[in-house]
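Below are two complexes that have chain A in common, paired first with chain B and then with chain C.
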Partner chain A sequence: MRTRLLLAAGAVAAWLLPYGLDSYAIHVVDVILIFAILAIGLGLAMGIAGQVNLAQVAVFGVGAYVTAILTTRAGLGFWVAAVLAVLATVVIGLVIGVPALRVQSHYLGIVTLGLALAFTSWVTNAQASGGAEGISGIPVPELPGVDLSSEYLYYYLELIVFAILLAFGLFVVRTSLGRRMRAMRDDALAAGSLGAEVPVLRMAAFLLASVYGGLGGVLYAGLIRYVAPESFNIANMFLLLGMVIIGGRQSLVGCVVGAVGLALVREALVDHPQIAQIAYGSVVVLVVVFAPTGLAGLPVRVRSAVARRRGRQGAAARLKPFQPYDPEPSRRDGETILQVDRVTKQFRGLKALDDVSLTVAAGEIRGVVGPNGSGKTTLFNVISGLYKPTRGRVRFRDADRTGDAPYRLARAGLSRTFQNLRLFGDLTVEENILVARDRSRTWESWRYLLRPISVLRRDRELHRHARDVLDRYGLAEFAALAPKSLPYGIQRRVEIARAVAAGPALLLLDEPAAGLNGEEVRQLAEIVRSIRDSGITVIIIEHNMGLVMTLCERVTVLAGGRIIADGTPAEVARTPAVIEAYLGDSMTAGDLPPISEVTR
Partner chain B sequence: MQVFLQTIIGGVSLGAVYALVALGFSLVYRTMGLVNFAHGNVVTVGAYLASTFYLTSKLPFALAMVIAIAVTGAIGLVIERVLRPLENRDFDLMLIGTIGFGIVLDALVIAIWGATGRAVPSPVQTEPIDLLGLRIRTYDLVVLAIAAAATVLLVLFLSRTKRGAAMQAVAMDHEAATAVGIHVGRSNAIAFMIGAGLAALAGGLVGPLLYVSPALGGALGIKGFAAAILGGFGSIPGAIVGGLAIGVLDSFTAGHFQGYSELVTFIVFTVIIMVRPTGVFGERTVNRA
Partner chain C sequence: MPRLRATAIIPLLLLAASAGCSAPGANDDDAKSGSGPIKIALVDAQSGQLSSLGAWELKGARLAVDEWNAAGGVNGRQIQLDVFDDQGDPTTGTTLARKIDSEGHIAMIGTAESAVTIAMAPILKQAEIPNITSGQSPGLVAAGSEFLFLNGPTSTTYDETLAKYIVDKQGLKSIAMITNNGSYGKGEHDAFLKALSSRNVVPVADQVVTTDQKDFSAVLTGIRQKNPQVIFVGAEEVESGLIVKQARDLGITVPFAGAAPQGTPVFLDTAGAKNAEKTIVSSPYLSNDVSDASKKFAAAYKAKYNEDAELHGAKAYDGTQILLTALKSSNVATGKALADAIRGTKYQGLLGDFAYDQTGVGIFATSIGTIQNGKLVAVTG
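Coming up: the complex of A and B.
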C-alpha cells in the first residue's frame, strides 16, 4: 500500500514537474532522463548479471548515430530510423557480449572498453559519421498533434519511455530471467550446475543493456538533434559508471537515483567541471570501499545497524523437522543410470583420476570414499561436466554425456552440491530454491515482451513449488533470509534442498556431513534416504565412515586416483588394500562398525 | 625493404614504452590479481611531472624523471592503501575503485596543467645515427637502454631479494604466503608502488616522443594493456615481447590505415583475448576473480 502511494505521488510529481521549470532547466531534466535510461541498462548488465560492461555509452552512441545517419543521409522518417537504430544496437550488443563467453571480470572490462574506444575512434574518422564535427540537422520526431520540438512536450515522451523501461527492468529482475542472472552473478559455476544456461544469460544481459542504450541514443538524437563524438567518449562512460555505482548497481531504482543525483551535482558545478569530476571520482572510491551496495543499500544497512544497537527483537527463525517424501518405487530401479568408463583426468603432471570405471544403478545410494586428494571431487566434477576428462567416457541415462556443459547435464537430470557450499549469497534462501526449481529455457524470454502475463503466472507457480520445498525441508522460516546469515548446518540443508528442487534423477552430494554435529548427521541420513525413496539415485562423497557404512548400499573406494575397492560396505571394509590405503595400516577391521549396523 | 625496416625501427622505441606500461600492469596483476584501471592516468601524471620539472624547473632530465617516479610511487601507495579492504575479496569492486582513482587523477591533471598539451624537446641533441641507410634517432636508443635496464632491475629484484621473493610467493598463493608470515598488504603495496613508478618512467620517456596531453595516458594505457594481454598477463617476458609487438604493429598500421590505426589495434587485441586469453607466455587461468 505504502509503495503504491509513493508510486502515485512520484508519478504526479513527475507529471507536474515541467510547470515549475524554465526552458534551460527542462533541457537539463530531459538529458537526465536519458542518462537514467542508460543507467538502468548498465545496472541490468553489471549489477544484476555481473557482466562488466564499459561500452554502454558507445552503444548509446550507436543508437544516436544510426538515427542521425538514417534521417539525414538516407532521408528516412525519424521513427523508421529509430526502429532500425534499436535493431542495430541489438546487433552491436551481441557483438560486445561475445567476449563475455570467453572472459569475465577484468578482461571483460578491458575488452568492452577497447570496443568503446574503437567506436569513438571510428566515428571521429569516418566520412559517414561526419568526422569530428558530427552530424547536425536531425529532423524533429513527428507525432500527430504533438509538437516534439518543444522540450516540454519532449519531456513527456521521455517520461513515458522511461517509466515503461524502468517497469520492464524491474519486471525482469524480479522474475525468472533476472533471478537467474543474479544467481549467475553470485556464482556462475553453481548456476550452471543448476541448469542456468550461462552463455545465453550473459548474451541476454548484454542484449538488454544495449536495447536500453539504443533507446537512450534514439531519444538523445531526437532531443539534441545533433551528434558528435565527444558526447560518447570514455569520460561519459565513467560518469555513467559512477552514477550506477553510487546509486547502487544491484538496484535499478538505485541506478536511477544515482543518475539523477550525479547529473544534478554536475549541473550545479557546471562552471567547475574538474571539481565535480574529482568529487564524483572520490565518491566512487569511497562507495566501493565502504558501501558497496551504494545509496540503494543504505536503508537496509541503517535498519540493521539500528536493530543491532537496540538488540535483536522478534523471534529468531527456527529449523523445523524434515518431512519425508512419499516413497515412490521407480520402475527403472536397477537399470544403469550412470556409467563412468575408463576416465582419466590429468592436470599437467598430476593424474587426478587414472582409468576410473564405475557403474551406478538407478535407485542406489552409492558412497565414494577415499583419503584426501584421492580424486573424489575431481570425479564429481567430471561427472557433472565441470571438467572435461582427458580420456574416457561418461554415460548418463543412456546417452553419452562426456564433456557436455554443466547446464546441459543439469537439464538432463543431474544435480549436485558442493564441498564448500556454493549458495547464491545475495539471493534469499527462497530465491536459491526458485533458481533451481525453474526449468524454463532462457531463450523463451521473448515471452517477457509478448506474453508478460504468462511469465507472471509461471512465476507464481514456481513460488508455490518453492514454498513446498521449503516446508518439506523445514526451512520455511528462513525463506526471506540471506543464506550467509544462517548457521552452517542450515546452509548445508538449504543446498541439499536446492539440489533436489531441481528435480534430478541423479543427485551428487559432495561431503554433505562436513561440519555437521551428530544430530545433524542423523537428520542428514534420514533426508538422503527419503530422497532416494522418492526415486532419486544418490552418489555421496563422505569422510564420515559411520554415515557411509550405514547409509550406502555400495561403496567405491578411491586412492591416488584409482579405484581400489568396490562393493557392499561390509565387503569393502574387509578389503586389505582399503584398510591399508584409507584407514591406515595401524587400524584393523575390528574397529569398523559391526555388520548388523551396516545393513540397517 | 628499406621502408619495412625503418617502420620496424620506428615502432621499437614506442614499443619499449608500451613494454614498460605493460610491466606495470603485469606486476600488479601477478601480485594481487588486479588490473589497475588507473594505470594509464598514472602514466599521464608521470609524463606531466617529468616534463614540468624538466621544462619549468630546468632540472636535468634524469633528475626530473626520478622525482616523477617518486611522486607517482607515492600515488600508487595511496591507491593500494585505500583499496586494501577489498583485496582478495571482490575483484569487480576493486576494478571499479581503480576506475574511480583514474577519474580523480584525470581531473587533477586538467586542473593543474590545463586541458591543452605541451611538446617536450628531446633531451639528447645529437644527430640521428645512420646505419646501412636506416636513420635511428639517438633518443630512441636511450629509451631502449633505459627500458632494458629497468626490466633487468625488476627481474633482479623479484628473483634475488627477499622482498621480491615474498612478492612472488604472494602472487602464487596469498593465503599460504600469509601463513608463512609474509605481510600480504605490504607486498601488494610495493607492487603497486613499483607499478606506478614504471608508469611514470614510461610517461617521462614518451614525453619527447609524443605530445604530452591529458589524453596521453589513456592511449598508452590501452596499448600497454594490449601488450600485456598479448604476451600473457602477469608474465614479465610476455610484457616485453608484447610491448615491442604492439609498437611495431602500431607503426605499421599508422602507415597503412592512418586515422584508423587505433581501431586496428583495438580489434587485434580483442581478437587475441577471444582466441587465447592467456596470451603467448601466460599460464594462469583467466577467471582469477
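Coming up: the complex of A and C.
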C-alpha cells in the first residue's frame, strides 16, 4: 500500500513538474529522461544480465541517426522513421551481442567499446550521415492536437515512454526472463546446468538494451532535431556508465536515480568548468569506494547496519526437517538411463579420463569414489555437458548426448550439484529454486510483449511450486534470504533442492556431504534415498566412505582416470586393486577430509 | 507487490492528465533589462578533448572584454562575460543555449566546435540571441540562422585559397593528399578535393589515416612512389608534425601544404624546423608579426596570459570586438536589432576586413605563407 501511495505521489509530481520549470530547466529534464531510458537499457544488459556492453551509446546513435536520415533524406514521416529506427537498432544490438557468445567480462567490454568507436568513426566519414557536420533539420514529430515542438509537451511524450519502459523493465527483471538473466550473471555455468539457454539469454540481453537505446535515440532526434558524431562519443558512453554504476547497476530504479543524479550534478557544475571534472570524477570514485552497490544499494546497507547495531531482532530462520517424497509406484527400474561408452578426456598432456565405460540403471543410487585427482568430477562434467570428451560417447535416456550443451542436457532431464557450491549469490533462496523450476523456453519471451498476463500467471504458478519445494526441504524460512548469508550445511541443502526442483530423471551429486557434520550427513542420506524413491536416478561422488557404503547400491571406483572396480559396496571393498589404490587406509579412517578439486 | 506497482502507473497518469489540461510553459517573458552589466555568454569546451581550443577562445574573448571594460564599457555599462562549458558535446550545447536564454544573456561568443554550434543554432534563433562562433564548417552557413555569425572564413575558404596558390599560381598539378578520419581531417579532405576537382586536378594519392595514428611509414612510402610535387596534409597540429617528420626520414623532400595547424609552433616543434621548411600554409592569421594590429594584440595577450597569441585567440578576439562594436553602435540593442547591427558592422580586425553578408560569413580570404628558416612568412603578391 505504501509503495502504491508513493508511486501515485511520484506520478502526480512528474505530471505537474513542468508547471514549475522554465524553458531551460525543462530542456534539462527532457535530456535527463532520455539518458534515464538509456541507463535502464544499459542496466538490463550490464546489471541484470552481466553483459558488459559499452556500445550502448552507439545503439543510441543508430536510433537517432536512422531517424534523422529517414526523415531528412528519404522524406518519411517521423513515426514511420522511428519504427524503422528501432528495428534497425534491434539488428545492430544483435550484431553487437554476437561477440558475447564467445567472450565475457572485460574482454566483452573491450570488443563492444571497439564497436562504439567504429560507429563514431563511421558516421564522421560517411556521406549518408552528413560527416562531422551531422544532420540538421529533423522535423518535429507530429501528434494530432499536440504541438511537440514545445519542449513542455515533449516532456509528456518522453514521460509516458519512460514510464512504460521502466515498468516493462521491472516486469522483465522480476519474472522468468530477468530471473534467468540474473542467474546467468551470477554463475553462467550453473545457470546452464539448470537449463537456462545461456547464448539465447545473452542475445536477449543485448536485444533489450538496444531497444531501449533505440527508443532513446528516436526521442533524442525528436527533441534536439540535430545529430552529430560528438553526441554519441565515448565520453558520453562513460557518462552513461557512470550513471549506471552510481545508481546501482543491479536495480533499474537505481539506474534511473543515477541518471538523474549525475545529470543534475553535471548541470550544477556547468558554471564552474574548472572544478567540474574533478567534482564529477570524485563523485564516481566515492560511490565506487563507499557504496559499491550504488545509491540503490544504500537503503539495504543502512538497514543492515542499523540491525547489526541493535543486535539481531526476532527469531532467526530455522531449518525444518525434510519431508520425504511419496514413493513413486510406477517406477520403471532397471532400464538403462545413462551409458558412458569408452570415454577419454585429455587436457593437453594429462589424461583425466581413460577409456571409461559406465552404465547406470534407472532407479539406482550409484556411488563414484576414488582418490583426489582420479577423474570423478571430470566424469560428471563430461556427462553434464560442461566438457566435450576427447573420445567416446555418452548416451542419456536412449539418445546420443555427446557434447551437447549443458542446457540441452538439463532440458533432457539431467540435473547436478557442484563440488564447491554454485548457488546464485545475488538471488534469494527462493529465486534459486525458481530458476531451476522454470522450464519455459527463452525464445518464448515474445509473450512479454504480446501476452504479459500469461507471463504473470505462469510466474505465480512457479512461485507456488517453489514454495512446495522449499517446504519439503524445510527451507521455507530461508526463502527471502541470500544464500551467501546461510550456514554451509544449509547452502548444501539448497543446492540439492534446486537440482531436484528442475524435475530431473537423473541427478548428479558432486560431494554433497563435504563439510557437513554427522547429523547433517545422516539427513543427507535420508534425503537422497527419498529422492530416489520419488523416481529419480542418483549418481553421487563422495569421499565419505561410510555414506557411500550405506547409501549406494553399486559403487564405481576410479583411479588415475580409469575404472578399477565396479560392483556392490561389499564386492568393491574386497577388490585388491581398490584396497591398494585407495581404500587401504581410508576404510579405517572413515571420513577423509574434503580436499577441494578444481572443477574446471 | 511489484507487479501492481508497474501497472498502477498508467491509470494514474491518465488521472493526472485529466486534472491538468492547460499546457505548461506558455509564458516566455524575456528578462533582458536595460540596466546593470551587459551579460554576454561564452560557450566553449573547458573540459574534455577540445578544452585547449576552448581555453584559447576564452583568452581572446576575455582580452577584448577587459579592454572595453577598462575603457568604460559600452554606454557606461560594464560587460559581464560568463563562461559555460559545453564539453564539446552537442547535447550539452542545446542545454546551454536554453540556459543562457533563461539567464538573460543578450549575445553569445563560441563555440569552437561546429557541431555544437549547429545544434545550438535553432534554439538561439528562436530566442533571438546573436551568436559569433569560431567554428568554420560550411554546415554553419547551411544552418541558415540570421543570428549566427562566423568570426573567420569557412574551411572551404582555407582550401580554396590554398588550391588557388598551389595549382593556379605555382602550377603544381601532381598533388598527394594525406588526411585523417576525424571531423577536422574529413572536412579538410572534402574541401580540398572539391577545390582541386574544380580545377580538373586529380590527386595522385588520397590517403586517409586515423586520428591517433603514430606511424605513417606505410602511407608515406605509397605516396613516395607516386612522386608528387606537393603533399597536402589535413590533420591536427601534432599529427601533421609527425607526418612531416617521418616523411623527411623516408627521403621525401617535396614541400607540404595545409591549413592553419601547419602554421602553429606546435607543428613546428613536432616536425622540427628543418623538416617543416617550405611548408605552404593557408591561414587568415599567419603570425603575430604580420601587422601593427596583430603586434599590439600579441603584446597585450603576452602581458595578460604570459604566453604567445595564436589563431584561435585572435579569432575570438576579433569576434568579441565585432560584437561589442555592434552593441555600441546599436545603443545596446538586443535580439534582431543586435543581429542586424552585427551584420552592418565593418571591422578591420586581426584576420582582415570583416563585412558580413546574409550567410553570416564576414571574411572570405585567407593568406598564404611559407615556413622559411623556422618562421612563417607571408607570401606577397
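Quick note on the criterion: the second predicted complex is superposed on the first by the 573 of 600 C-alpha atoms of A that agree within 3 Å, B and C clash if a C-alpha of one lies under 4 Å from a C-alpha of the other, contacts with A are read in each partner's own complex, and residues count from 1 in each chain.
We take it that a residue touches a chain if its C-beta (ideal position, glycine included) is under 8 Å from a C-beta of that chain, and two chains touch if they have at least 3 such contacts.
From a predicted model like this one, the values you see are computed outputs, not experimental measurements.
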Chain C versus chain B on the shared chain A, clash or fit after superposition: clash
First (chain B), second (chain C), both or neither touched by A:A132: second
First (chain B), second (chain C), both or neither touched by A:N236: second
Contacts of A:V31 with chain B and chain C, given as first, second, both or neither: second
Touching partner for A:V98 - first (chain B), second (chain C), both, neither: first
First (chain B), second (chain C), both or neither touched by A:S121: both
Touching partner for A:G109 - first (chain B), second (chain C), both, neither: first
Which superposed partner A:V285 touches (first chain B, second chain C, both, neither): first
Chain B versus chain C as contact partner of A:Q277, first or second or both or neither: both
Per-residue touch tally on chain A - higher for chain B or for chain C: C
Residues on chain A lying within both footprints (that of chain B and that of chain C): 121, 124-125, 235, 273-274, 277
Contacting residues of chain B [partner chain A, same complex]: 34-35, 37, 82-83, 85-86, 90-97, 99-104, 106-108, 110-111, 218, 222, 225-226, 229, 259-260, 262-263, 266-267, 269-270, 273-274, 277, 286-289
List of chain A residues in touch with chain C within their complex: 3-4, 7-8, 11-12, 15-16, 18-19, 21-28, 31, 121, 124-125, 130-134, 136, 150-153, 159-160, 163-164, 167-168, 170-171, 174, 220, 224-226, 228-231, 233, 235-236, 266-267, 270-271, 273-274, 276-277, 456
Residues of chain A that touch chain B when the two form their complex: 50, 52, 98-99, 102-107, 109-111, 113-115, 117-118, 121-122, 124-125, 234-235, 238, 241-242, 245, 273-275, 277-278, 280-285, 288-289, 292
Residue ranges of chain C touching chain A (in the complex, touch as defined): 2-10, 12-13, 16-17, 19-20, 23-25, 28, 46-49, 82-85, 87-92, 94-96, 98-99, 101-103, 113-116, 118-119, 121-122, 137-139, 142-143, 181-184, 186-187, 190, 208, 210
